[in-house]
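Okay, got some structures for you below.
Shared between the two complexes below is chain A, which pairs with chain B and chain C, respectively.
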Partner chain A sequence: MRIENTKCECGHQNYAGTVLCESCGKPLYDDHGSEPLEMRYDGVARRSQRGNPTWLDRIWNFFSSVKIAIYLILITLAASVLGTVYPQENTFINLDPSTYYKQTYGTTGEIYYLLGLSHTFDSWWYRLLLFMIGTSLVICSLDRVLPLYRALNKQQIRKHPGFLSRQKVTLTCDIAEPGDQTSQEQWVQTMASVLRKRHYRVHTDGTALMAEKYRFSRWGPYINHIGLIIFLLAALARSIPGWHMDQYMGFIEGQTLKIPNTPYYLKNEKFTVDFYKPEEMSDKFRQRDLIVPKMYETQAVLYQCTSRCGTADPVLKEVARHPIRVNDPLNYHGFMAYQFDYKETPRLISVTPSLRNKQTGEVYGSIELDMNNPQKSYQAGPYRLELKSYFPDFGLDEHGQPMTKSNEPKAPAFIFTITGPGMEKGQPYLYFPRMIDKDTYRQDDVNGAVGQLLDLSVGSMEGVKIAQYTSYLNIRVDKALPYIWFGAAVSMIGLVMGFYWQHRRVWLRVDDGKLLLGAHTNKNWFGLRKEVAAALGKAGIEADPKTLETGRKTL
Partner chain B sequence: MSFESFSSASLLAAFIVYNLAFLVFVLSILGKRWSRRDPSAHTRRWGWFAFLLAAAGFVCHLLFFFTRWYGSGHIPTSNMYEFMTFLAMMIMFAFIIVYLIYRIPVIGVFALPVAVIIIAYASVFPSEAQPLIPALQSYWLKIHVTTAAAGEAFFAVGFAGGLMHLLRTVEYKSDSRKAKREQQGVEFTLFVIVMIIAFVASTFLFHASGYEARFSTQITQTDKAGNEQTVDQTTDYVLPPIVKPHGSTIVSMKPFLGIDKPLFEAPAWMNGVNAGRKLNTVIWSVILGLVLYAVLRLVARRRLGEAIQPILNGMDPEDLDEISYRAIAIGYPVFTLGALIFAMIWASEAWGRFWGWDPKEVWALITWLFYAAYLHLRLSRGWQGKPSSWMSVIGFLVVMFTLIGVNLVIAGLHSYAGV
Partner chain C sequence: MGRNRKWIQTAILLAIVIVGAVTLAGGLFKGNEPPKVGARAPDFSLSGLDGKTHRLSDFRGKLVILNFWGTFCPPCKAEMPDLEAAYRKWQGDDVVILGVNLNESHVTVSSFVDQLGITFPILLDSQDEIRKKYGVMNFPTTFFIGRDGVIAVKQEGQMEPGFIEQNIKNLLGKGQP
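Here is the complex of A and B:
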């Protein structure tokens, strides 16, 4: 262990690792150089520079390094680039990634998949990188902001000449007779009032002066980092159960569906889509002959289930109603439904056929058949129709037996048992609401004698209800959102503070009629030089902004 | 005269005035040597005149923007042509701000060409106003796109400053390995710019001469019901086809220099949207870029960087370095706000998630991370001067890839902003 003497000649005891005396600014190392001083963090010792580190210190030291932070940023950057080479797995809804990448992109695609790059942004290592950046943000900031705060909070007015002459902006010149104390102090007071006019906070101590403005901009980066930390924590908080939900559901017009894992039911009452008319397009665009949707909207009703939830007939209470459009979601206390997509899917909702005697033409009455939820029996005049089976998507299996291909009413078929006058024992009757199915599966032949006598059919389109579209909604809950926006806002405030203002300081001392001035800013030297030259001009010293600069490389 | 044509005429006027302003900026610096007047007074007077011209061009540009907005009923930032012309306008805005801070005419010599090239590049894309699809019908279209473009415009000025700093400081007399590498780097950057100019110019020339070629490819598509069907997809070429799309047949092709069929076929793995045509465009750009570069080299009789360097001789390299850094420092918060925060708010409103790892989003993040690294290296690791300037040049490349490359190469949710 190295023992350092960290006491400055001005009598101030500095921490080990201090570069410039915290009090008078005298350079503690490289005492006799003439190069401009390294003014980062005002030369204070950071926690990470303490001697004799423990293992905790070592972790701290690792994450407190800006170099490490930059490596982390660059590695994340490179990983993100790789993640955009091919589409990520989550951009597809139904897909087997183990074959997709090989089939679509060949060998490189397979390598991409095997390396796990097809889910870069969900991978543990990408998360780990973000987590390490977060840690680095916390530690880097703490490591610097506390000592910097201490240093800026107790600045000495009279700085060491070695500190002043080695600033990037500096000037020495004679301003008064060596013995003339009053005129020296007077000049310092003139300079003080000139600088005050330029919004500096000025402190004087006899023939020494320190002026400072916009110190708050030094805290900008740290506030920005705090904002980013809040942002990252909020993003992390979405893995808390119940904080985040994300699912896609298709609603046929008129359909009410239960939203899984919630007490809510959502109904698509009506879906409308509007297209741009040719006269709404510019002349040149019209020639391209494209159909562009103008607006699509789902008239949605949100119900809360109060009892018998999840059963066939739940008790529902309407809680919200909203026309959902792209950019205009339904929002009920954080339960969000977004318009995601739509598909043209002509589907029968219900038909109202009438039962008719084929021979006499007598109409007995009509029944309303709901394709999603048919009743057990219907009554049409003297006839009773018992529903024996219902096939929403009718087809025949390999043995020629009727079956349903899906639960969607794409090709509905009903098998009734009809009882009534002349058929007391009950006769089976097959009914296809769609004409095309009726012909394909030869309804009349199958029904035989009953088919000769009775006819169940829809007279006009008025008896048919069709849903034209399926509306796809994205159902979401995201409780972290307010914290995300808060973090982003804090971060933005920090950025503005740090980038649109600069911390400027001017120190000067007059010894034996000789002025020694030094000035420092954390950004925008051009502006500082101009300002110092203008202030000196007001106080009677002509100085060109360029000549104030020391240590410039000449090319 | 319709709004559409008045608007286009305003843009053309802006384009011409910008070019004039550029020439006057060049004269303000070169002219001081052959006039008998006081050199600094000459530069000041002509620099000021050039600046006023640039500002007049900016007014024409604004006129273009607002008449087009009025004509189409929505803010003209919804396709590639509109966005690129808007970006050029914001670059001029950023230039005006930076110019007013530093009042150094040489900034105009480098910033104006960036805006001019971007306008020229914009006109390669179809210029007709498109009706707005529902996803874009939000006031966030105005807020997000304009702020993001403003941030990027400052990065563009930062790029101009960085390139100026490099041109000023690269030692053309030296033979050291480091100097050689820097000379090559600067020369390559200039070559890329020459290549873009060659590409834009050739597209215009072939378009104006009415050249066209058409290919058809049979592609198998699976429709939403899961049925496979074969469709004919036609691809129109503006530039004479050196390569044709993979597996395509010629529908029509005008002979070019006596060549009446494509020389090559694009490889099979290039199966993206219009991949064959894009490859053809890249090949043409490289060929014409090399030709134009060779012509310029022959005229200048030395490396282009060496030929440009004298313009910058009077400049203080540290000032150039600071201009570049300053522009990026002004742009960074604006970019963060526009391209990330506003983008997240809009995404959360339109798509229900504030972040979805869409390629465009990821590339905005990459740009942001890149400039974050730039700022940390500069502020905490003392990377000033050349390393910093190189980063500002590369950074702008990242910005342009985010804006154009992602749309052309990677498909995603932002594909409506495509060609």
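Here is the complex of A and C:
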């Protein structure tokens, strides 16, 4: 092990890895050079640079490297790019991802799926990357900000000549007779007041002076990092149950659906879509004969379930109502429903036929038949209609038995048992709401005698409810969003602090009538030179901003 | 100073490790993935055709055959009598069959069940929630859930009576290896 002597000639004990003495600023290495000094972090040792690393220090050192941070950011960037090549799994409404990618995108799609890129942003490795970036941010910042804070908090006024003469802005000249202590101190005081007028905080020590302004801009990057850490933590907090949800659901007009994993039910009361008229479209669009929607809107009602949730008859309480349009979501305490898409899906919702005596023409009453969930029995005047069977998509199987071909009311058929005057025992009655099915399956013949007596039918289109559209909504909950905004705001404040202000420092000492000045800033050197030259001018020394640049020592 | 510094460093690293573990664990056990064979069968409760609420975890300790079916699906209908036969045969050996109907109307389901004389519990997945939870895309799909609540077999498509029998025997530990 090498033991380094880190004690400066001024008597200050520095940490190993220190470049410039923390106290007087004397260069500890390269003592005799003349090129400008490396002033990064004021030459103090970064925490990770200190000697004898343990395994804990090694982890610390790994994450404290800016190079590692940049690699992590690049890898995350690449992963994010890959994650957007094909649609992510969570945007599917009703597709099997294991076959979808292969069928839609071929072999590359299958590889994409097998590599797990179809759920990049939920994957553990993506989270690990974000987490590592966060760790790197925290450690990189702490590694630098604490030593820097310490260095800037206790600066010595009288700096080593080697420190001053090797600043990027420096000047030496004679200002007084050697030995004229009073005039030297007077000049320093003049310079002090000139610099104070320029908003510098000035400290003097006899014939030495240190002036400093806008130190807070040095904290800009770290405040920016704090903002980013808040941002990242908020993003990671989305994995807390109930904090984040992002799913897509289709709502047929009139349909109420339960939102999975929430106590909410959402109903699409009505969906409307407006199309551009031909005269509103450009020629190109007209030629292509496109139907372009202008505006579409879902009249949505949000219910909260109070009991019997998840069953066929939950108890619901209306909590919100909003016409959802693109970029105008329903928002209920952070539960958001965005308009995403729509599809034309004409579908029967309900019919309201009336029961009529075929001979006398007397109408006994009407019943409302819901296509999704019809009741078990209905009453029309003196007649009771007991629903025995319901086939939403009627057909006959190979044995000639009635069956349903699908669960959608494409060709609904109802089998009732009617009881009432003249049919106390109950008679079966088959009912097809659609005229075409009624003819195809010869409803009147099947019903026989009852069909001669009674007629169940819809008089006009008023008795038929049809849902024309399915509205697709993006259901989102994002409790992390306020924190993400807060993090972004903090990060912006940090950026502004760092960008629009510069930390400027001017040191000078007069020894034997000879002035030695050095000045440092973290950016805008031109501005610093101008300011120093102007200040010197006010104090009686003509200096051209250009001559202050190192390597042009004149006078 | 040195000791203090080490302490702070350890504390910071520890905090980072905890945050990391929590987020990564959250990502791994999100529970939104459809269960695979060997995974624990997600619990649910549904109201049945009998009007009662049935909860999967109530059957823990028994062998549960979870069958997703609909009357619009001919192979589902075809395997129903075989399931019923198996239910009658093995009922006494702690074998439960749960038929999860795919969002059909009460009347449609009950008329079919009555017609076939099905006696095992039929549950109504009226919001399509459990189907999605189990990632069922093809019908019928049947899960054989062991006594420990872990999915042992997932079968898509119609099952032969022998297949049902064999799986029940295997899971009850009565089958030949």
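One rule holds for everything that comes next: the second predicted complex is superposed on the first by the 390 of 555 C-alpha atoms of A that agree within 3 Å, B and C clash if a C-alpha of one lies under 4 Å from a C-alpha of the other, contacts with A are read in each partner's own complex, and residues count from 1 in each chain.
By definition in this document, a residue touches a chain if its C-beta (ideal position, glycine included) is under 8 Å from a C-beta of that chain, and two chains touch if they have at least 3 such contacts.
Predicted model only: the values in this text are computed from it and were never measured.
By the touch criterion defined above, A:I291 lies against neither chain B nor chain C after alignment on the C-alpha atoms of chain A. When both complexes are overlaid on chain A, the residue A:A449 reaches neither chain B nor chain C.
Contact comparison for chain A: of chain B and chain C, B touches the greater number of residues. Contacts of A:I484 after superposition on the shared chain: chain B is touched, whereas chain C is not. In the overlay built on the shared chain, the residue A:Y500 is in contact with chain B alone; chain C does not reach it.
In the three-chain superposition model, chain A touches chain B and chain C at no common residue. Chain B meets chain A in the complex at residues 4, 71-72, 102, 126-131, 133-135, 137-138, 140, 168-169, 224, 269, 316-319, 322, 325-326, 329-330, 332-333, 336-337, 340-341, 344-345, 348-355, 357, 359, 362-363, 365-366, 369-370, 372-373, 376-377, 379-382, 406, 410-412. Interface residues of chain C, counted against chain A in their complex, comprise 5-6, 9-10, 12-13, 16, 19-20, 23-24, 26-28, 30, 45-47, 53, 70-72, 74, 77, 102-108, 111, 124, 126-127, 129, 132-133, 135, 137. Contact residues on chain A toward chain C in their complex (touch as defined above): 47, 56-57, 59-60, 96, 122-124, 127-128, 131, 134-135, 138-139, 142, 233, 236-237, 239-241, 257-258, 260, 308, 310-312, 372-374, 376, 387-393, 397, 403-407, 415.
Considering their complex, residues 38, 40, 66-67, 69-70, 73-74, 76-77, 80-81, 83-85, 87-88, 90-91, 105-106, 121, 235, 246, 276, 280-285, 288, 292-296, 325-327, 329, 336, 338-340, 343, 474, 476, 478, 481, 484-485, 488, 491-492, 495-496, 499-500, 522-526, 546, 549, 552-553, 555 of chain A touch chain B.
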